[in-house]
Amino acid sequence: MYSFKNDYSEGAHPRILQALVETNLIQEDGYGGDQFTQKAIELIKQHIGNDDVDVHLLSGGTQTNLIAISAFLKPHEAAIAASTGHIFTHETGAIEATGHKIIAVDTKDGKLTPAHVEQVLNDHPDEHMVKPKLVYISNSTEIGTIYQKEELIQLSETCKKNNLLLFMDGARLGSALCSKENDLELSAIPSLVDVFYIGGTKNGALLGEALILCREALKEDFRYHMKQKGALLAKGRVLGIQFQELFKDNLYFELASHANEMAEKLNNELKKEGFSFLTASPSNQIFPIFSNALIKELQTKFAFHIWEEVDKEHSAIRLVTSWATKESEVVAFVEAIKGRAL
Amino acid sequence: MYSFKNDYSEGAHPRILQALVETNLIQEDGYGGDQFTQKAIELIKQHIGNDDVDVHLLSGGTQTNLIAISAFLKPHEAAIAASTGHIFTHETGAIEATGHKIIAVDTKDGKLTPAHVEQVLNDHPDEHMVKPKLVYISNSTEIGTIYQKEELIQLSETCKKNNLLLFMDGARLGSALCSKENDLELSAIPSLVDVFYIGGTKNGALLGEALILCREALKEDFRYHMKQKGALLAKGRVLGIQFQELFKDNLYFELASHANEMAEKLNNELKKEGFSFLTASPSNQIFPIFSNALIKELQTKFAFHIWEEVDKEHSAIRLVTSWATKESEVVAFVEAIKGRAL
Amino acid sequence: MYSFKNDYSEGAHPRILQALVETNLIQEDGYGGDQFTQKAIELIKQHIGNDDVDVHLLSGGTQTNLIAISAFLKPHEAAIAASTGHIFTHETGAIEATGHKIIAVDTKDGKLTPAHVEQVLNDHPDEHMVKPKLVYISNSTEIGTIYQKEELIQLSETCKKNNLLLFMDGARLGSALCSKENDLELSAIPSLVDVFYIGGTKNGALLGEALILCREALKEDFRYHMKQKGALLAKGRVLGIQFQELFKDNLYFELASHANEMAEKLNNELKKEGFSFLTASPSNQIFPIFSNALIKELQTKFAFHIWEEVDKEHSAIRLVTSWATKESEVVAFVEAIKGRAL
Amino acid sequence: MYSFKNDYSEGAHPRILQALVETNLIQEDGYGGDQFTQKAIELIKQHIGNDDVDVHLLSGGTQTNLIAISAFLKPHEAAIAASTGHIFTHETGAIEATGHKIIAVDTKDGKLTPAHVEQVLNDHPDEHMVKPKLVYISNSTEIGTIYQKEELIQLSETCKKNNLLLFMDGARLGSALCSKENDLELSAIPSLVDVFYIGGTKNGALLGEALILCREALKEDFRYHMKQKGALLAKGRVLGIQFQELFKDNLYFELASHANEMAEKLNNELKKEGFSFLTASPSNQIFPIFSNALIKELQTKFAFHIWEEVDKEHSAIRLVTSWATKESEVVAFVEAIKGRAL
């Protein structure tokens, strides 16, 4: 049964495995002191077009979120997030476990706006409440939407004006940046946010996220935080080799583009067939609404998550594509729903 | 320049890489729900000869230590460790960062005894001090020594009598169990300790530690703790495939044996040459004492850590061997120190 | 200007000060080992009619909440609270600072129901989310409402069925129990909740809350938690003497009854005048709705908090009465609003 | 039986109780917004002779230590303390519970020197270990010794040079400053340390410590930390009234001087009789060495702590005097040991 459950169902892009094999017996220093990690960092900086950032390679999204946020906040400071934000709903209280409250805001599309942020600031006037200090956004969001450049500029200005840090969870940044609706350049991000990451796990790596620290004040001692939270891999080379491969040319973006194309194809065909969607998503996660009967049928041939009940007879499901998604399976899925939208 | 700096200078044993390549495009569930992880757990249980344990695969030693210890202790409870213990000296306060004090005990050989533990209990009589609750030991220890079975039995009884958990850090358990001086069977460990782990990172894996929970009370909800601390890899298969390969036959033990043989050869030759040692180590780390002049010379040909000053003219260095250590380089090292012991 | 801002504007009931003076030079052991604390605990148990509870005296509400909740929860466990709950809104993230998420539920009257709790449990099915473990309620609530006995019985059964702890914040328990609408006996509480406290600070003491642990499993080592969080006062007698005085007869309840009578008088007169209220409160906090013009006028004569905007022209204010509220000032307030309800 | 167990056996100095009684019914704002707290802060600043400090009133020593240290340190930063330091031995891991390691140093007299600090810095070179950031000292120390001004100047310079914060626990600062051997002026302290506190609980108050923040960078948002840790008393006036009374003239210093005189008298008489001491203490705690037989006898007439075994036949005891110590009881104690030094 073919799975559209997520973008981490397979291993790594073959070029990455090849690189692991080829470098395997070269002796290197541990904990990221290896040549591969150093080269990967250099390549990432070149892609960003910015040498003033610090780059650290970590293992996964929750780990990256919790280390960065806890490193940057003082004990009384809190993060603001959409109520759909990964840190609020899907990380087992990882941020709170480091001592920090997340102030959740309901949004219609998973994206935070200046108005959301300002409302939270108004609601937290004094020392009887936490002090909002960091704004957490995801791009693409957990429901597939992406930030337009102008939206990000507005949010960034609001954060600067109010002395808030802006953190962009980029677990699926590849898909966001390669979306047809995207107008945000990778090189523009460091001036707009204080910290972000480029997700590898969900775009072709075995594991790995590249965290980019864009402000001087956030850089100091960051490796201490990584070590303290168990994120400094003895064989840091494992991460370095992977990111070196992803960024030594445009592999990272080619993989994301393939994922998006597969999602777009699904999207277009479903629309053509008359299905509606929970959200309009231009990235690699789409949320079509099917009758429960159709869902039952589809489950015999494909694996996917049921996202939420829409009404008694219908539910939204989540279809996720990746660098590894086979076009033939997309075609098969479309075949399976043809003429079933009535 | 050949490195004896540590046992994580190379990548993984080739069979592991081969397995990653072969399984790469098989779709699997995330977060350890894959067939490889399930199979690895089954194989590890078979090697232990015990089906009543729970096995979890994690990424590294510090991560494993901090998740397990923080999962098991209440806020006022503390760990007891040798002052050479990895958690006390070399993990950037990872345990304290989860809220728990480590009570350090000076030892002569890196090993805790019942007398050490009882002294700590006597020194902590009431609620004005932390309550000692967990005894942390490493096998092999950070200075290369190993626990004899009888020592472990005594320590285990002391812990049981005093309602203390016994935790064995097995980052180098392979080397300990394959040591010529070892009389402890893997299968005996679950009855002697409450929790331990089988280190992969330092014995042939790219990354990975297999944590073994031996008591019912420690098993509940453990995956919540893994997720909360950022240790539940989306592609959990990466760990599963590696441990499946290491334990589908005796690869894990063959790799450790090779490391030990290389260390033993170094050890024997150095002894024969008249050098003395900081500690008597039967495992894959040895600590010979050289004149500073000789150290300087050796540093032009080999990489290693200077461990500590012995007197103004001499220092102990640390030589670490691994599954990947080449015998020819061991021979070269021995050549380089021949006749230099005067 | 007379203040209806809160119930902690004055010092202590004169009998408490008198007791402090009379016992002042008696030498006693520190940290609650004094005769007064022991006697106070005995008296409180008598009032509860239950000798199987443990009683601890602490300094304030936030301190009590954070120590108890962090003592009872494991790292991955969370508290459920109404979104108006004190721990969620007004304690500067004190609970999160101990590592635990609070799952907030919107309610119409500040009270949690079995349906609220069950919905939260449904929304938290696995290890990717926190595990709900403790239900936090306040009686009286932060908006003046109280729990009827039957409501508490239902909630208690839901908690027991789902293995959840039920925690009652009793900062204003005196006012709740002495309310005319109350049908809950103090003696019934230990069978319904797992832990609660009897607030002293807001009912006549200088400072002090009496925490009641009603389950064996929660009692162990509790003083360690108090000490660790800085709550074990060297002169524990300060708390003991106060609670001894409050509970050696019915002083505690007489003070709460006076507060309620003053609130009721305000309530009745405001109703008679035709004013409406944000919530129907039978305790010592009431929330009448006034025109902004009237509020401005009243502010020249009385101090109080503006609670929230109701519409552009009207706001709800909070009036709080206490053991020390003077009836003459209540009368003066009523005079000031007479005929102003149009 | 008269107690020399500690300096918190009685209530408060009568003038403090009198002030509580006289101000009791004046309505004031909560949480330190009252006139008494404001006046107390002003008076303390006048005594210090420095208006550039921030003063906060807290309830006790452990609370003050944990709030200040956790407010100032980032997650990977650690405190350095003497192994006799109160935070290391006697606060149930309160500092570690906020996430920070304490690096303990053995000293001969309970005092840290520049050499101690520099050794710790040398031992913590990189991100695999915590980063030492704060030096914790007590004055007077837990074993009765005090810092000479020149010692403090040296330590302060070492801290500044190495970018370390210097924190002085002043639970018994009154006794230190009023010691005959003291040459440190209260007014000199803010230029030498970054933060210190003036202990009230052990010098005549019911409860209360006045924390003095001497550096701009430490002042921001401090009340958030107090609130979050449960230290912002609703009736903050309780602390304000007490410190106002202690510092409106020289009461604080008169009380400490009395305690010291009583200790000195004991000290002199014991010396004259030929007894020796564990440490030479010029403050209100002394540690004479008695035969175990004599100790047994004395325990029938006086209460005190046995500090530690000196040899099989002798132990050191701790005698503590306070503002409330009666000279007649000192005389009685001296009588009881006369001629018993053989």
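Note that the chains take the letters A, B, C and D in the order they are written out, and that residue 1 is the start of every chain.
As a working rule, a residue touches a chain if its C-beta (ideal position, glycine included) is under 8 Å from a C-beta of that chain, and two chains touch if they have at least 3 such contacts.
Note that this is a predicted model, so its numbers are computed, not measured.
Enquirer: Which chain lies the greatest distance away from chain B when centres are computed from Cα atoms alone?
Expert: C
Enquirer: For the pairs B-D and A-B, output the one whose chains share more C-beta pairs in contact.
Expert: A-B
Enquirer: Approximately how many whole Å separate the CA-defined centres of chain A and chain D?
Expert: Each chain reduced to its C-alpha mean, chain A and chain D end up 51 Å apart.
Enquirer: Round to the nearest whole Å and give the separation of the Cα centres of chain A and chain B.
Expert: Centre-to-centre distance between chain A and chain B: 34 Å.
Enquirer: Between chain B and chain D, what is the separation of their C-alpha centroids in Å?
Expert: Chain centroid spacing, chain B to chain D, equals 43 Å.
Enquirer: Can you pull out the residues of chain B that are in contact with at least two other chains?
Expert: 75-76, 91-93, 97-99, 127-128, 130, 224, 227-228, 232
Enquirer: Quick check on the complex: what are the chain D residues that touch chain C?
Expert: So the residues of chain D touching chain C come out as 2-3, 5-6, 8-12, 14, 17, 20-21, 23-30, 59-67, 91-94, 97, 201-202, 206-207, 224, 227-235, 237-238, 324.
Enquirer: Within the complex, which stretch of chain B touches chain D?
Expert: Spelled out, the residues of chain B in touch with chain D are 75-76, 78, 89-93, 96-102, 127-130.
Enquirer: Please name which positions on chain A make contact with chain D in the complex.
Expert: Contacts found on chain A: 31, 70-71, 74-76, 98-99, 127-128, 130-131, 221, 223-228, 232.
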